[in-house]
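Quick heads-up: structures coming right below.
Two complexes come next, and they have one chain in common, chain A, joined by chain B in the first and chain C in the second.
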Partner chain A sequence: MADFIKKPVVPLPDLQPEPQIPADQLYFTEEEKQKIARFKEQYLEPAGAVMKTLWLAQEKFGFLPPEVLQLVADELGIPYAQVYGVATFYTQYYKEKKGKYVLDVCTCFSCQVCGGYDILHYLEEKLGIHKGETTPDGLFTLQEVECLGACGSAPVLQVSNGPYVHNLTPEKVDQLLENLKQGKLPPFVSLTLPQDEAELGGNRRSDAEAVESYRTPPVAHHTR
Partner chain B sequence: MAVNGVQSKAGDWRNYKRVLLPPIRDLHRLEVYEAHGGYQTLREVLTSDRWDPKAVIEEVKKSKLRGRGGAGFPTGLKWSFMPPVDDRPRFLCCNGDESEPGTFKDRQLMEFNPHQIFEGILIACYAMSVRTCYLYVRGEFARWIEHMEHELEKLYARGYVGQNIMGTDFSADIVIHKGAGAYICGEESSLMESIEGKRAYPRIKPPFPAQRGLWGYPTTINNVETLANVPLILRNGGEWFASIGAPNHPGPVLYGISGHVNRPGVYEYPTGMLITDLIYEVAGGIRGGKKLKAVIPGGSSTPPLRADMIDGVTMDAESLREAGSMMGTAGLLVLDEDTDMVSWLRRVTHFYAHESCGQCTPCREGTGWLENIVTRIDEGEGRLRDLDLLLDLCDQMEGRTVCALADAAAWPVRYTILRFREEFEAKCKPSLIPTGIDVAPTATE
Partner chain C sequence: MPRITIDGTVYEFEGRPKLLQFCLDHGIELPHFCYHPALSIPANCRQCLVEVGMPVIDRETGKPKLDENGQPVIQFMPKLQTSCSLDMADGMVVKTHRTSEKVARAQRDNLEFLLINHPLDCPICDQAGKCPLQNQAYKYGPEGSRFEFLKVHKPKRVKLGPRVMLDAERCINCTRCVRFTDEISKSHQLTIIERGVKNYPITPPGVEFDDPYSMNVIDLCPVGALTSIDARFKARPWEMSATPSITITNAKGSNCYYWVRDNLIVEITPRANTAVNDYWLPDEDRLDYHRFNENRPDGPEVRRDGRLVRVSWEEAYDRAAALLSGIEGQRILFLGSAYATVEDNYLLKRLAEALGADTPVYIPHIEPGHGDGWLRTDDRTPNAQGCQRLGILPVDEALVQSRLESGDIQAVYVLEDDPVGSGLFSAEALADIPVILHYYNTTNQTLAVADVALPAATVVETIGTYVNCDGHAQRVRPAKAIRTVNRVLMREIGKSRLDQHGTPYDRWYNEKHQVDCKPSWEILPEVAERLGHPLRYKGPKYIMQEIAETIPAFAGATYEAMGLEGVRLVEIGAEV
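== the complex of A and B ==
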């Protein structure tokens, strides 16, 4: 047989991968099992609960290696292939181990023209890694993501699929990294609506931890 | 500002009173929403003899409400496509996937006025005799999902959702479904696949969701903002709604203005606003006193308009179609004179290449090639014939796939090249010198 037939063009996935979660930790607690049972009730077929169960598993284990996918498949009574298919389709499910904090910097076009790439490159330099990589201390993973749906307060980043940080500037990025190193996640920020400024002084939600206006810092240079 | 004598179809928009995001503090809380007349409309619809499901649909039809998710399909008509009630389950999906770049309006509704969405959902469920509604929210909005789930629990406790709502024999459940970061899930059939727990590949239509939707049962899919308009229509009447803004595309709209403007943000105004009004008066003009170069009127997939094309154009389906674009999601991106359109387009094509689900070959391969070729031009290695190659590629993609993502990817490329061709040609210049000719540096260099 010719050599090129033996060698696959793309590397094939390891069929017997080394488990990354120790076997004694690989289970759902009773409480989690009850949650999953409630998820199943919300859908006509148990397969509908796969996305919610994957979110639950990702919160518990941090990421979704094959053995966790198998656990989810067993819990829902659906084929492993379907769980694998769903987990690999969506970008927010982590298939490999990430840093403690994942910084998703939006560079889609509204952020691009307002300096999203400047923020991304600033972070790359600051953390000493390229996008898609994790710092050696395992603290930060830097990623470039598609539109986060906060174009009015561009540039924006999201921390670990959770809070948004709006209207980014290099100073704000420094502050964010300092806080994260101390384990402080950014608060939920409520953005003022420009039309509210006359009537409500901008602040419409009194229970939001922080209020910020839509005004964005100066435009990036790279678009010139 | 009347440009060339054209009046805004939005009428006296400066004195417009907001109804989707009214200026009420803490409106997102159930107590506050109820204190301002919330859930009164639902109560009336459920208890009054005047409102049987047919009458609700008729009222929505009379309002001429058109979907706010991008396609602009008449909502009342969509609801009337649901087959007669039988013993099969029926579903409603509320689409809060909001992933179109340049669109950020639904998040504001979820943050400041979620109960109006819930009330709209319940009225829609009543009108179509639906027992279960899935509210699909993109996974990035994790914090907003937490807030809405908190409010939804309060609604269950009050008996406004669940079994025998408000003591009537009408029951409906709302399930919030959290996505996980896929643009394609905003497409209605792939949204249903996602809820069913599969890879979100769009389905071939027909059959339409009203015939075969979730798990093969009748389903209707509406945008979050569309459903938030429904309580207003029933409270104030269809005629009132139809009298707001542009006659053929009426109602309040959340305009999301982003890019190079002084005051970006979400603004609520009637449809039919002049684009010039929105940029220069509402959003405070172009940042840094620069000149306008282009406007993208409704999210990334709508064709960009050059600065000289927007005079007298209003934000409604008809006017924008005449101008050569679309209403889309009413998320305006404003670009100033210094923007590099090639580099901008490169990022747009990257978005579609990343978000193509990979089901149909013209889209999976086409979006990748669009990105490769535009990148080549942007890096200064393009040839002039690449422009024709791109247009040819657009021809090969449009209308040849299961869903509209391929069209959405091809339109911005086609129209950016047609409308900003000189910029593309300028970037191709370095390679204009024919190969085979020895270009020796001249003595002066």
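== the complex of A and C ==
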């Protein structure tokens, strides 16, 4: 984003792209179709299920090139243009091929103040790439993102739209990269909220125990 | 009846209208960009903000609380409301920017936001001069810019489709274009992509914006983000005059404005008429103006020694009359035209009657599969229904062809059509008999066999009436001047063009590109008179008056009744 402020140019997307997913792999299995049908039932209109279906497609294909968006649109019976609009709105939907692990480093206000850029630049040096790029071995993509909503534990990064790594230090980054190279994703960590400060002796910056769960209560009825 | 107070004035209303539409209907101007009466209401431009209050109701009595003066106490909503999406309610009190400094401030600040990343393209922008953003920025906006940083640059000159060009920087994301393709044309070809300062409308990858109604987004666009590839950089709005008329590409007769500069049609844009075309115009109607500018004839011609020779109008009339006078009326074939006005066809019918000939017939131009049940029709002529209502019926091809072969037809009088080009007759079949032709363009193939060629005024140069496929009778007005002096036309041009552009009385007047043609309602009486049948009228208005009085299918269809929006003939009591 910092680059965008210095040189605010919005590029034109490729309007005639080459298909990147082979035609014989471009389909949803029966199981996935049933899942999508369930998503549709949860909303008044099929368009409501577009985000969940896009997520499912991204998990299946790894990213969302136009042909996958078209597939999603056909499956849901909604206009392709609408799916494209939704997919481009959210940065969490990957429109191009990324590395195996996408490291989203937050550089928004709180993280910036607490050293978000230091972490970003440390990662750039360590991986030998610039932000927005992917390492030659296809393992890591480094991205600078806007607020991840975890200002209390800044600086923060997110791995592949999944778990957060809080209170980053260069050592923690080293450890994270080692773990990821071995295929070990960081655990989901549930951090204390400000009202728990008393319990922690007034120190909110100390790490809380990691919880191996992606869900915190209350959990919506339909996801149970 | 429920009442609403707007800026201290009390209005009565019925039902639950939206506040913005109600204000616009009552001549209270409110600035707005995203609202359009035919589209859904997203309220995303935030320009139509107003202060809204309701009377305080006493909970115990259930009646409005009154202040010491006996006036109801009004509690205003804590935040400003978008008037476009606000349902009106009884007792509501509204303050617009005229009475509320808060609203004026909000509108000014909102414009400042809209203009932050808006490029200073106005000097080269096609929209400048008719741009709502420009107008409202002048009227309600801040005087200068406080923005000291680099503006966001987005893609420019993006061809969305064959007819529409996108300039993403100018876009204010009102989403009118997206809503048009989603709700009206239902082609779903546009969407807003990205977010925040980066967003703009575009087609998804691999999709071309080739909707047959795509150019409507150009008029909907309240800025210059979507412009017509065809009309780009051709003329500024203030150099052109706009004449309200109708298009003649098909039988729908969609209402339009003809934009004229130097007596050339530059652009055709839609004119709202809920009885015919709402606010829309198909692309084919808009791009169908070359026929008025190109391949136009230069004065009347007669055939001498096998060649067409340029002569004066009087000589041409004399020659036409001389050719017809020796022939028995029954043996002259009069061809009416579904391109010509009701008045012209009526005069032709009168002439045929006077000479004792059969009632004229017209050549239908039907293109099966062309229509879409909306604003495009299979019939590619504007006035087939008008002809039929006059008793001029489609030609029985086999019958007239056999009559011509057997020598039963000894002369052909063609009103504004092309019997050779449309395949009714071959050029050889007509070679030996006199052919008198009223024509629009030099591409007319019947010219090769015409003995007298009379250039006729097209829809943009004449006055007349067309009846569309739904029986809606509409007037056309002269948009551009012709070379001949015709007092009726001159007067009408002055009336139809508010700026008087093109009349000899103003400083822009010029004689460039004037076509030497005449309206058929001037030519036909001249020919008729020379044949000994006076057919004089003071103008097309009086011809139509006579038609309305004498022909039941046109009962009541006078120029006064038709006005700017035309009349549904059934509704004014005309027979079908």
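FYI, the second predicted complex is superposed on the first by the 176 of 224 C-alpha atoms of A that agree within 3 Å, B and C clash if a C-alpha of one lies under 4 Å from a C-alpha of the other, contacts with A are read in each partner's own complex, and residues count from 1 in each chain.
Operating definition for what follows: contacts are C-beta pairs under 8 Å (C-beta built on N, C-alpha and C of every residue); 3 or more make two chains touch, one makes a residue touch a chain.
As the structure is a prediction and not an experimental result, all values here were calculated from the model.
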Winner on chain A touched-residue count between chain B and chain C: chain B
**Message:** Applying the document's definition of touch, where does A:178 land relative to chain B and chain C: first, second, both, or neither?
**Reply:** neither
Taking the superposition on A as described, I'd like to know which of chain B and chain C A:188 touches: first, second, both or neither. first
State whether A:96 touches chain B only (first), chain C only (second), both chains, or neither.
-> neither
Task = Using the touch definition from the top, say if A:85 reaches chain B (first), chain C (second), both or neither.
result = both
Check your understanding: Which partner does A:114 contact after superposing on A: first (chain B), second (chain C), both, neither?
Key -> first
Return first, second, both or neither, reflecting whether A:74 touches chain B, chain C, both chains, or no partner chain.
-> neither
Check: What is the contact status of A:151 with respect to chain B (first) and chain C (second): first, second, both, or neither?
Finding: first
Chain A contact set shared between chain B and chain C covers 82, 85, 89
In the complex, the residues of chain C that touch chain A are 149-155, 158, 168, 178, 181-182, 188-195, 197-200, 202-207
So, in the complex, the side of chain A touching chain B is made of residues 42-45, 47-52, 54-55, 78, 82, 85-86, 89-93, 107-110, 112-114, 145-154, 158, 161-164, 188, 190-191, 193-196, 199-200, 203-207, 214-216, 218-219, 222-224
Contacts from chain A onto chain C in the complex sit at residues 5-17, 66, 69, 79-85, 88-89
Seen from chain B, its contact residues with chain A in the complex are 18, 21, 23-29, 89, 98-104, 106-108, 111-112, 138-143, 173, 175, 177-183, 194-200, 214-215, 256-260, 262-268, 287-288, 300, 331, 333, 335-336, 338-340, 343-344, 347-348, 351, 354-355, 357
